[in-house]
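Next come two complexes built around chain A: one with chain B, the other with chain C.
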Partner chain A sequence: MAAINREDVAHLARLAHIEMSAQELDRMAGELAVIVESVKSVSEAAGDDVPATSHPIPLTNVFREDVVGHTFTAEQSLSGAPDAAENRFKVPAILDEA
Partner chain B sequence: MTELNTQDAAGLIRSSAATLAGKLAAGEVSAVEVTQAHLDRIAAVDGGERGVNAFLHVNTEEALAVAAEVDSIRTAGGAEAEKLHALAGVPIAVKDLIVTIGQPTTAGSKILEGWHSPYDATVVKRLRDARMPILGKTNLDEFAMGSSTEHSAYGPTRNPWDLDRIPGGSGGGSAAAVAAFEAPLALGTDTGGSIRQPGAVTGTVGVKPTYGSVSRYGAIAMASSLDQIGPVSRTVLDSALLHQVIGGHDPRDSTSLPDPLADLVAAASIGNVEGLRIGIIKELHGEGYQAGVENRFNESLELLKGAGAEIVEVSCPNFQYALGAYYLIMPSEASSNLAKFDGVRFGLRVLPKDAPLTIERVMGATRAAGFGDEVKRRIILGTYALSAGYYDAYYGSAQKVRTLVQRDFEAAFAKADVLISPTAPTTAFKLGEKLDDPLAMYLNDVATIPANLAGVPGLSLPGGLADEDGLPVGIQLLAPARQDARLYRVGAVLESLLEAKWGGPLLDQAPSLVELVETKVVEPVETLVETHGGSH
Partner chain C sequence: MTDAILSFEEAMAKYDPVLGFEVHVELNTKTKMFSSAPNVFGDEPNTNVNEVDLGLPGVLPVVNKTAIESSIKIGLALNCKIAETCRFARKNYFYPDTPKNFQTSQYDEPIAYDGYLDIELSDGTVFRVEIERAHMEEDAGKLTHMGGSAGRIQGADYSLVDYNRSGVPLVEIVTKPIEGAGSRAPELAKAYVAAVREIVKNLGVSDAKMERGNVRCDANVSLRPHGRERFGIRSETKNVNSLRAVEHAVRYEIQRHAAVLDSGEPVVQETRHWHEDTRTTTSGRPKSDADDYRYFPEPDLVPVVASREWVEELRATLPEPPAERRKRLQADWGYSDLEFRDVVNAGVMDEIEETIAAGASSTVARKWWMGEIVGRAKAADVDPGQLGVKPATIVELGKLVEAGSINNKMAAEVLDAVLAGEGSPAEIIEKRGLAVVSDDGPLLEAIDAALAAQPDVADKIRGGKVQAIGAIVGGVMKATRGQADAGRVRELILEKLGVTV
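== the complex of A and B ==
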């Protein structure tokens, strides 16, 4: 497995929507390289015949009746929003040109 | 209501939840008196530069109102009084990862500062149904990511045994609150040991129930396939009592088990372990474990053996990969779960200083300012483990290790009814000691993580004090999935054997906190946390 470098971290930070300073990228790259190195052995632990476990206790699909249950009012839903208008979440422009 | 004298108040805060419940039912004390005594204790030891800092929010008004309600129902008598839950009027603290109406929920993060949930978690609803006054919300590592509570954006919690040391994490606030007699009970969450390891280092009891047996609805998710809410207390019986309040099926959590809850209180009252096979996990003690931890562990084994349990040795060879698998699965799930904190629907929004002011840049600036270093590390690590080209090698392999860990447990439980190990490899370390070394911090969870990967229940109880530093050591018990009752049976027996040896509860040996908080010179918190960007 490849080691993680500063460019990787910069790319991942963009994907994860976290702005990082040059200094932060340097530090994070060093720390993550150590962590990634330490978890490497995991890829050698199991053979192809071992199935993956995504959930510790097997449960089949859980459904409920298709009826309207409790719902939040618009006011409740928007109560923690940093910005709202006309019963909607208000966000900055989606496109660069705006 | 009569004014309590100091001695009465001291007696109340040191009482177990079971004792308080008995006194309340008998009318020897009122719920308001009990609640007020705990609020007074919080005021005396929690605040200020040298305080325990277990609470992020104290819920004085509501807690007293609920207590007054219980008192008036009890005074009125009749059917309503008959219907009161056994724990009605017994106060409790709630980890601030669990959402509550009427109190802020921060998850220990700046990104949720001042946020109020429009709904209650299912476990909180059940506390309200039982009329248990909620004293407040307890401190934690940001989004439950950490083993020391130093990653809280609101400053670390201090260990009541030594204010210069960590109370464990992520639920250090809940454990410290209970250890400091600020609350008889608390709720925690355990993703890799966040209930059990704080229990170990503070000399308290903490239980991670079988995955799915307590609803996760309303617990802010870190790693959904690992997270589990559970009880924190000073006695095994108290945890059983609380577990019965919060446990059982919840249609609002699609991973909630439909099984009825076993009678855990009855299990805690069985009082013998004769003929039970208790398995020592070869890989979870010895090398890497502090000598004093090993000594107390061996002492507990001797006591159980003396009580008629059969001690066997089991081997779980794949546990060597558990920590690595955990630190791939947990960040992967966390990176996905924390994507919702984007400055749109709740909490903080930070605008970038320069144009263009697009939503993407606002998200980047908001998450940069709102998340602390450990959260950022885990999000980046998870994004990496899930990215194309690495997914199979990292996340895929880790999920296979999960299968291997489950198989190890199955084989071990074929030979033993309950497994036993130290809860943590060391006693509480000093605040600041491991902040610059994330990997060293992660190693604290080495003995607790396998249970989360496999979904099996675990309980940590005080095993005594380490010879070399006089700090609490935790003993961990593990049982097969859905067999939580066995933990309470063995835990209660071991607890009574140990307390007979000590001549009382372990916390009787803890230093007097009021004195410590008021007089001891403690290094100011700010100088200890500057390396990870935490602030008050």
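== the complex of A and C ==
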């Protein structure tokens, strides 16, 4: 992986909807570059024969039977909503769908 | 703004279409993909949810085993390989249809991959569509745009969100680029989505109702000049949610792309929205770095390992594929291609199968379902199967007609009475006194009366114009209230007039 530069950080910040000042971008670019460099050493240690892992514990197939459990009432669902109408969450109109 | 389009014929003369489809299938599990909240359509907003579906802090998703099994079944039915091990991934984006700012999906490790589906077109030719992958994910909540221009997102004042659909298990089926369909591209598009819908319905893993969004299609279209190998730039038309719309949308996009290319401009790679009312698409948004979803493995879920034993167990439960079943039934029943296609299009294949299993001949079953029941269903605006005609009723009516106890006209009357809840065919015949008059005595009297009433017709028949006999037969049938055997009446009239044919 190439080193992280300032533009990468600005791009990620935009994608993550995080507002960052010029100073913050400079600082994070430096810090993230060090982190990425450190993580890279893992790839050096693990050869192609070592499969990528996404979980520290080697568990597989943690399943639930298809049985209905508890639900909220609409009132409970909306109890933390900043705004609501007609038993639904009310949000600003956002143009176009993801 | 209306886009310029070329005629379909002109577009085809110049360009070769390449298609691709993403079909989302909602599974009909009792609960959601990662939570035990019920997967039910049409309930009060935000009541089929719990903390997992609302993405509250600290919750832990747990995978629904039945959803995994359904996904494997879909993969097998699409002739896919089933991954020995696969993972879920987070697809990160900000939009209020997901409360947690990511959709749990699969990225580089789909549960099923490398399959195909053979699609039969209307003239019987078979077109193979290669399946790239089928992966598992969760559905998003439902947004309703309020204010502004009636439900459209443009100009809305605000949106209301119902998370009942959030977390409903989905399988997304992605094709490889489909080349070589030529002018049959629109037909193939429709037939492909219809085949996928039929398969998931037949497997019993989805309710497969397109009008409810159980099966949703995004259609990719690009054009290239004839003879060129490299693909053109594609557009992706979203939410084409009926079979007819799939056909129309592909056709329209081919015409639109052709006009763009003809003008010398490049096609814009973008999302298009389909409008059923105008049968056109409009520009959504161009592909941009906002499409950088920063996928990464979902840390709250462990890998799914599908042992070969498990896969084979599931394979053993698969029903006969719809296309093979159709082939078998047509051969068993001895219907012509046209007859069989009509039966399929009328949606009475299952009903005819049951009627034959109950003891009717394939001819009798087809005559009743296609000749009588389909029309009645159409008049009542319901599916033929919903009229409540029992196979045993058809068998009984068929036997009564065959035995000559009643004629076809009476049988149709009896059917109406059965549907009106008046009892079994035998009871209705008894109650109404319906029976073919087989004793010649009363018939001869009626014939005499009919001939006397229309002497000019009688003369014509004597003079050799036998086709005029219909008027006399009609008079006799009327006099006997339709209870006479028309064939016998005809014989007796000719005998009486001394005409031999």
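The rule we apply is simple: the second predicted complex is superposed on the first by the 81 of 98 C-alpha atoms of A that agree within 3 Å, B and C clash if a C-alpha of one lies under 4 Å from a C-alpha of the other, contacts with A are read in each partner's own complex, and residues count from 1 in each chain.
To be clear about the criterion, a residue touches a chain if its C-beta (ideal position, glycine included) is under 8 Å from a C-beta of that chain, and two chains touch if they have at least 3 such contacts.
If you're wondering where the values come from, they're calculated on a predicted model, not measured in any experiment.
Looking at the shared chain after the overlay, A:67 reaches chain C, while chain B stays out of its contact range.
Within the superposed three-chain arrangement, the count of touched residues of chain A is higher for B, of the candidates chain B and chain C.
Applying the stated contact rule after C-alpha superposition, one finds that A:93 touches each of chain B and chain C. Applying the stated contact rule after C-alpha superposition, one finds that A:22 touches neither chain B nor chain C. In the superposition on chain A, A:54 makes contact with both chain B and chain C. In the superposition on chain A, contact of A:85 is made with chain C only, not with chain B.
In the superposition on chain A, A:45 makes contact with chain B only, not with chain C. Looking at chain A, you'll find residues 12, 14-17, 54-55, 57, 59, 62, 64, 72, 77, 80, 89, 91-96, 98 touch chain B in one structure and chain C in the other. Of all residues in chain C, only 29-31, 35-38, 44-51, 54, 56, 62-68, 85, 87, 92-97, 143-145, 147-148, 153-154, 156-163, 238, 284-285, 289-290, 292, 294, 297-299, 301-305 touch chain A in the complex they form.
The touching residues of chain A, when paired with chain C in their complex, are 11-12, 14-17, 54-55, 57, 59-74, 77-78, 80, 85-98. Residues 1, 4, 8-9, 12-20, 24, 28, 31-32, 34-36, 38-43, 45-46, 50-57, 59, 62, 64, 72, 76-77, 79-83, 89, 91-96, 98 of chain A touch chain B in their complex. Taken in their complex, chain B has these residues touching chain A: 115-119, 210-212, 225-226, 251, 254-255, 257, 318, 320-321, 323-325, 327-328, 335, 339, 342-349, 351-352, 356-365, 367-368, 371, 376-377, 379-381, 383-384, 387, 390, 393-394, 396-404, 406, 438-439, 442, 452-456, 481.
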